[in-house]
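Below: the structure, in structure tokens.
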Amino acid sequence: MKVYADNAATTRMSRVAIDAMLPFMDTFYGNPSSLHSVGQEAAEALQKAREIMAQHLGCEAREITFTSGGSEADNQAILSAAVLGEKKGKKHIISTKIEHHAVLHTLDKLSKQGFEITLLDVHENGIVTPQQVASAIREETCLVTIMYANNEIGTIQPIAEIGAICKEKGVLFHTDAVQAAPHLPINVNEQNIDMLSLAAHKFHGPKGVGMLYSRKGILLTKIIEGGSQERGNRPGTENIPGIISMAAAFEDACTHMDENSAKVSALRDKLIEELSKVPHSILNGDLEHRLPGNVNFCFEGIEGEALLLQLDRKGICASSGSACASGSLDPSHVLLAIGRPHEIAHGSLRLSLCESNTEEEIDYLLKVVTEEVEYLRNMSPVWRDLVSGKKQFML
Amino acid sequence: MKVYADNAATTRMSRVAIDAMLPFMDTFYGNPSSLHSVGQEAAEALQKAREIMAQHLGCEAREITFTSGGSEADNQAILSAAVLGEKKGKKHIISTKIEHHAVLHTLDKLSKQGFEITLLDVHENGIVTPQQVASAIREETCLVTIMYANNEIGTIQPIAEIGAICKEKGVLFHTDAVQAAPHLPINVNEQNIDMLSLAAHKFHGPKGVGMLYSRKGILLTKIIEGGSQERGNRPGTENIPGIISMAAAFEDACTHMDENSAKVSALRDKLIEELSKVPHSILNGDLEHRLPGNVNFCFEGIEGEALLLQLDRKGICASSGSACASGSLDPSHVLLAIGRPHEIAHGSLRLSLCESNTEEEIDYLLKVVTEEVEYLRNMSPVWRDLVSGKKQFML
Amino acid sequence: MALYSEKVMDYFMNPRNVGVIEDADGVGEVGNAKCGDIMKIYLKIKDDIIDDAKFETFGCGSAIASSSMATEMIKGKPLAHALQLTNKAVAEALEGLPAHKMHCSVLAEEAIKIAVKDYYDKNRIAYDPNQFPDLDHEEH
Amino acid sequence: MALYSEKVMDYFMNPRNVGVIEDADGVGEVGNAKCGDIMKIYLKIKDDIIDDAKFETFGCGSAIASSSMATEMIKGKPLAHALQLTNKAVAEALEGLPAHKMHCSVLAEEAIKIAVKDYYDKNRIAYDPNQFPDLDHEEH
């Protein structure tokens, strides 16, 4: 059996997304900046895609800037707020310890440029409270950037409440919704969001396309110089097939959000319930405020990569920590931030589901994960020491 | 008849490029950072694409950084050289007046940051000589960035000679080869190129993908922060389908470079010969050192946009100046730089061909362009004044 | 969202009143070739009524459409009516112009006013000079 | 270019010599759980020959493959041979390791040496302490 349970890393493109894309490769292939009809057909399709995105985000089409992905959108949102802040002498930014590296590393860069960065701690469930944000805001704060949902442990943040506080205090609020959209409802006005990032490949759309919503009136800073595409905010010939396809995938997912969410949550809950029975294991993230598809466990006495490779051999695609962090030997910064000791954090497994996963797959996952955890524990000197009482169990 | 003669703005994706892309949308859809087999299949394909690009550029695979397009590659090349230069106190950059806005606006930004920018004049044929570059290089010069071929007038620069001078003087040399590749031969070592930018959509590949070659040892500066993709030089989940497709399109074009070039040049030469017979018209750019597909004329007494719209009505897609500059009322900076007066520069037409254009299309183009120029001249008060002797012809 | 409305395209593709009136009673020319637009309006006037109007234009699609629409809007109308024609009215009649092309409708308005002024001047009819655009300004 | 060579995957998937030797003559343990790798090597020694070798590993795929390969490379060999085993040799036998995983082969080399030292210590056999890694260092 083959089970893809790494949908938080990337997803398979849907038929809807592929079909939307194809005509723009060899039929409507124009450059929207061209005045002739082939170009203007592309320009019209681009505008339509913008309207579709806007409609489902509750914003205006002109508040949308298409980018090359989630990372670029995060970078541009934060840099823009920083530039605006600096002009007013406000050089303090608030975020959390569990953001994606696209956010954290941008903040590192700003910190080298004299910005002061407050990274809020999160509770053991991964949640940051609106009160924490409220107490951290100062006169000089120019931006609060907090992700809607975490890519590793799936925790959903109270962004509407955080947004309300920011609005009240006159501070810009950006949220990285790359994992949240379109699994959770978004309405930028109701949720008091000033800027929001998306990436198409996380919702069965194409890789290499993302989007930044920015409330009108917020002057964006370009991170790429060149032509006047995207109202001058994002130079470079637009990725028309990608953008059209993203809009189609987004619309499709928004339309089916409730049913998909119900289905995926049920699969998730079964996985969580059963895996919780594995002795000396622990669920990471919050049980309730959790992405429909996210399951993340630590298993004491084993190391995550070995588990992944064993699962892969049995046809299961999963992840340990975040895929982007691979190549690094440090355990996930997110697991450390929720208080997992290094020893435990090394033994993590993330299973991220989507609506095409099935009950049978879940049963297979459960069987194989349980077996392989046991197999690896049996060759682990750490496990032997724990079982023999030479060391004390942490979980 | 429908004739697409705007291949310098963007091209129709080829069958080869589309077919290469499709399997990576719904079969090999993994994230190359994922350890499991679906991810590693993507990682292998990515490496193979890198090797294909490297082979045809005469460089090593690890010298290639995939980007979201030509603009991003240009930005990253120039910023990287600037950062390296600044460390050594070298803050002078040499370029030309006819570069793409992705280059010129990046230089503008650097100029605001205290860099001194020398924009070399070009001759009436659009060529900058190696001697001009040699005399402009100073002790503080950290970069020479000169395009391989111009997007508007098709002029090919003597980049190998310019590269040799830069090498001798120890100055980095970047070339924007977005229009040149893969129509003209490239070998980064033989041509002494340190950095080179490409965009897939200019050679029947996908939009939203480009590439930066940078000689090993040159430390790149990230323009997007985040994960460690592309050896840490370009964070963000890789656009695998786009990258694979670019490599396929590039390989295809490189393999057929000679035959395509012979075919397209013949069509171009016929167009140039016949359009030169239109009274009071002039060819822009060099007759010899010219991209195989580029034809660019100024017609006195008419305005370019009106001509474009008339041609479009007859099924012909063409451009006036550069597509990216649309929205601007100023005539092309390139035409002004080669000495065309404003009045004349406004009346320009670019026809850019590719190997799928036919003899019949050329005949149709000639007929329609000639007719429409005459039609517009007949309603032009400027033309009336010229013909009646009230004003003097410039051409 | 094509660049131009259908109306603009129609008036560009099938321009009404293009041409010259050899014995025009008033002629107005505005714009300059450096900026990429010149418009010339010819008026034939009988009993304070615009009996005929024609135009020649060197310029982009919206410049041609604007002059065509403007001539149509004043043909058969009293001179006073022509003097009240605004660029906004021309743009609206064309179902809108892109922001960076609004100046084309301004040129059309101005060319007509200059042509009327030319008629007044030639016929020594008194008028308030303030109601006419300043011919010498260079920006459009 | 998969992450791991086929050889690494083979030795990870089908590890040779995994397990415990209850009455081992020498045992070596290196690494720590905080860093994500612990290796334990058990040796059975007869007449200065490594009669049997087994391992337990807490760690990633290349850690498991490295310990498995290392035990195989020394089984049936004289102790002197085991002491000459280098991490490079282990990595080469595995047809290469990714750069950031080379430390796994270092752990395997060290664990074997510590196990031999343990045997020498238990049996009061004299040796040059410099030929053994320093157990106390924490970096791997």
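Letters are used for the chains, namely A, B, C and D, taken in the order the chains are written, and counting of residues starts over at 1 for each.
By our rule, a residue touches a chain if its C-beta (ideal position, glycine included) is under 8 Å from a C-beta of that chain, and two chains touch if they have at least 3 such contacts.
Source: prediction; values computed, not measured.
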Relative to chain A, chain with the most remote C-alpha centre: C
Interface with more contacting C-beta pairs, comparing A-D to B-D: A-D
Centre-of-Cα separation between chain D and chain A, whole angstrom: 40
Gap in Å, rounded to a whole number, between the CA centres of chain B and chain A: 35
Geometric centre distance via CA averages, chain C-chain A, whole Å: 56
Sites on chain A at which at least two other chains make contact: 35, 305, 309, 327-328
Residues of chain C defined as touching chain A within the complex: 1-3
Chain A residues within the chain B interface of the complex: 4, 6, 9-13, 15, 17-18, 22, 25-26, 29-31, 33-39, 68-72, 74-75, 100-102, 105-106, 108-109, 199, 201, 206-209, 223-229, 235-242, 305, 308-309, 311-312, 316-320, 323-328
Of chain D, residues touching chain A in the complex: 9, 12-13, 15, 18-20, 29, 33-40, 56-61, 63-64, 100
List of chain B residues in touch with chain D within their complex: 35, 40, 43-44, 47
Partner chain D, residues of chain A touching it in the complex: 301-303, 305-306, 309-310, 313, 327-329, 331, 341-343, 346, 379-384
